[in-house]
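Look for chain A in each of the two complexes below; its partner is chain B in the first and chain C in the second.
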Partner chain A sequence: MFFRIINRIQPCTSQQRLLSRSPALQNSLLQQFFDDEENFGKQELRAKKRPGRSWTNEELRLKSSEDLHKLWYVCLKERNMLLTMEKAHKATARHFPNPERLDRVKGTLKNIEEVVHERNDAYYQLETGDSASAPKRTVTSFMGFTYEKRAEEHYSPPGEGQKGYEVPYLDDDAYLMQKLWNEKELCKERDRKDNLARRQLANDEMKHYKRGGRRTFDRLEDLKVYQ
Partner chain B sequence: MSAKAARLWQPGNPQRRVFLPDFWLALVETPTVGRHRIPKNCAKFEIDPRMSRHDVREYLTKIYSLPVRDVRIEMKMGDIEWQTKKDTRYKTAMWKEDDKKFAYVFMSKSVEFDFPDLFRNADELMGQVDKYKEQLADVEQNARYVNRDRSNVGKFFGL
Partner chain C sequence: MWTSRVLRLPRKPFSELDYARHMPEEYVKNVQRVVPRKVWGERFGAPPIVRWMVHPDDAVPSSKRPWEQDELQASLKRQNKYHEKKVSRKFLELRHSQTKQISDQDWTFFMGDQVEVLVGKDKGRQGTISRVNRATNEVYVDQMHAKLVTKFSDDELKRLGVSQTLIWEEQPLSVEKGQVKLVDPNDNQPCNASWKLSKAGDEWVRVSERTGFEIPIPTQAEMTYDYAQAEKYIDVEGKDTPADEVLRITFKPKLMAFEEEIMESFGIKENRQRKPTYWY
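Up next, the complex of A and B:
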């Protein structure tokens, strides 16, 4: 398997955070959950302390799987640290400085997952001919909705009538349900368009005096929405 | 692979391994006085609702190398906003906050932990809003003049 290669590495500990400069947190094991003490109580971090952007897919593709594995844990710890700080700030009704840091880390984590999936997928395509992503099945529910469902593993094969399939022609109840559903959706869409048209026609004077707009339209061109 | 794709365990197979765990976990402050205070060697975490106590133990010992002795889990229901609070018979829920999961992690007796004072030398609260307005002024100015119609330009010239 592809992942057997990276099985041997232990998740790295972030050395930077262990070597804290502050005497208060130096002995504590839980210092990994806190930001650098220089940043405590700051409204905004200095420009050098801020992250620029998350790692892009193109950059991550150049890295080895071991490096990606290490980077994952670094980012995971960083995210936990930021979440801790964010919750501490929220609990005391304060503004969390530079909240975009969290977005950057989350973006990196997402990109790493994508790149690892790409590699895993390539391996599976080569070795087995199947995709690494979970297989999907098209299923029709009892109410007549047809949708894609992720296939799941089961300990035993399904019994009579347990497995769902796609149904091309719906029976009585499901058919009626779909008819009514479509009608309801159509009405919703019509009302939405009507409201939009009314809002577009309203001017400031009408709003100020709470006066209604025009109700009937002889020509379709008068309605802005349908143009 | 990750916590998102769990495979069923079959007898004889090796234990399930997670190479890229995507659980989150945050340290939470607890009161130092009153009946909600906790022992010195204990820490309270807010954890991902998918995590079990076994997951918390593995997470903290493997990733953070903490000397975990015991983990206790607490589930806290989110607040419900009722349409009519006083009406006990026919009240309907308007909104419910998400449930939260907390873990009380007991470490070996030698460990002592105090939640640090994060806002000891906090900047003055006064004039905070003006500061942010000042910071955002440039961004807003840029956003007003930015040309988003770049369908044919390509990626090379930036966002």
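Up next, the complex of A and C:
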């Protein structure tokens, strides 16, 4: 049923009337999945129909937890509505008007999560001394890389070889891997610098005639570009 | 403490005035297609490999806004070209933008400003800035430095059966190359301007370097994609939260986690004890 309705979205007014007569949009609960009918098939929304920017962290910090909880669901519904409309427009190969609305709602959702995390973090730091975010551990992988890894939560304590650690001395394979890796990175860096120097040297004429850079140098000063 | 100290500092209009001020950064990145096509992560500590839609070095700032239709088409075209070359393992020279955006502190041109054009057929004439492009350090002056263009090609005109119509299209003027200069309101002569703290030390003002007179910021400079003036913004019914409602403080600190607070407000009681878990 959904797709039949969605497929009818067209910019012309007769189609709009057709859509409004469909039973789905007369149902007020289902209607919440759809945008205002005036916005269907528009290239760009009028300023009066264009919602404003997302909530900032500073504004969200003024609000109680209940308010944030409510706002989260308001924004979630709005995001679902926009995603429905985006899919409907894409399915009928139409231009979805003002897609930045979606990013704005997503921005608000992200900010709410940040503010909630801040509050929880403050509470847990005070009560337990631990952060609210998942702990991180420094581990050394079998390839010899030492890096920060986000720890995962488990019901049982770690068994044999399940918990990673930082290793001060690498075994032979890891050591060789690191040597080769560093050599490759060094070569990449050298090539990058070389390319940069060539780009700086190339002028418009050289680009136009597809001519390469200079090959012979009489003076040491000219060579400096390549160093 | 730090926040209150920062709030007491004079506000910097040069970092706030921007047409794309409220455009989400992710959205702008997405329309420029500077987003990863695929990321190969989880490589046991080795850095992830990223295949881009358009490589960040290849995104060259344009004189049009990145979300405008023409610009979007150009980005998509470049994206396809980049992908095509990658798939066929061929070399594609990235464009490596040459222009470097002038910093906020050094930028003094805003919409609605009186400027003098210093090049071209309108050399020596004064006009108002109609558009600013920070990314390319260019401004458009109202009805100045324009050229006659046609929007349709000859084939299209033949197909549609319409005669050719020419329109005047303003061309960008570079600030970096000194093609425009601000007009000093004191003597109506072009001048260089810079940002200075006022004598009271509570406000950043734009002053002419030659005479030291203040060049006031026009109200038009406030314009963004969302509104012409911040005070005159009309809330969208059913979508926007009114400003006074946004700023109403309802936060009450409680010695509780967010989840516990919500559970309390819904009357949910939880007596079960959490089992210990292990993080590794």
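Details
The definition used in the following text is that the second predicted complex is superposed on the first by the 188 of 227 C-alpha atoms of A that agree within 3 Å, B and C clash if a C-alpha of one lies under 4 Å from a C-alpha of the other, contacts with A are read in each partner's own complex, and residues count from 1 in each chain.
The criterion applied here is as follows: a residue touches a chain if its C-beta (ideal position, glycine included) is under 8 Å from a C-beta of that chain, and two chains touch if they have at least 3 such contacts.
Not measured: the values here are computed from a predicted model.
Because the two structures share chain A, they can be overlaid on it, and in that overlay chain B clashes with chain C.
By the touch criterion defined above, A:K42 reaches chain B but does not reach chain C.
Shared-chain residue A:Y124: touches chain C; no touch with chain B.
In the superposed model, A:R192 lies in contact with neither chain B nor chain C. In the superposition on chain A, A:F33 makes contact with chain B only, not with chain C.
Of the two partner chains placed by the overlay, only chain C lies in contact with A:Q162; chain B stays clear of it.
Of the two partner chains placed by superposition, chain B and chain C are both touched by A:H69.
By the touch criterion stated above, A:R211 is placed in contact with neither chain B nor chain C.
Applying the stated contact rule after C-alpha superposition, one finds that A:E100 touches chain C and leaves chain B untouched.
Look at A:R50: by the touch rule set out above, it reaches chain C but stays clear of chain B.
Two complexes overlaid on chain A leave one chain C stretch from 129-137, 147-155, 237-245 or 255-263 clashing with chain B, and it is 129-137. Shared contact residues of chain A with chain B and chain C: 69, 116, 120, 134, 153-155.
Residues of chain B touching chain A in their complex: 1-2, 5, 7-8, 17, 19-22, 24-29, 43, 46, 62-67, 107, 111, 113-114, 116, 118-123, 128, 131-132, 135.
Contact residues of chain A toward chain C in the complex are 47-55, 59, 61-69, 78, 99-100, 103-104, 106-107, 116, 119-120, 123-124, 126-127, 134-135, 137, 140-143, 145-147, 151-158, 162-164, 181, 199. Residues 22-24, 26-27, 30, 44-46, 67, 96, 226-227, 233-236, 239-241, 246-252, 254-259, 261-262, 265, 275, 277-280 of chain C are the ones touching chain A in the complex.
Taken together, the chain A residues at the contact with chain B in this complex read 3, 6-7, 11, 13, 24-25, 28-30, 32-34, 37, 40-44, 69, 72-73, 76-77, 79-80, 83-89, 91-92, 94-95, 109, 112-113, 116-117, 120, 134, 153-155.
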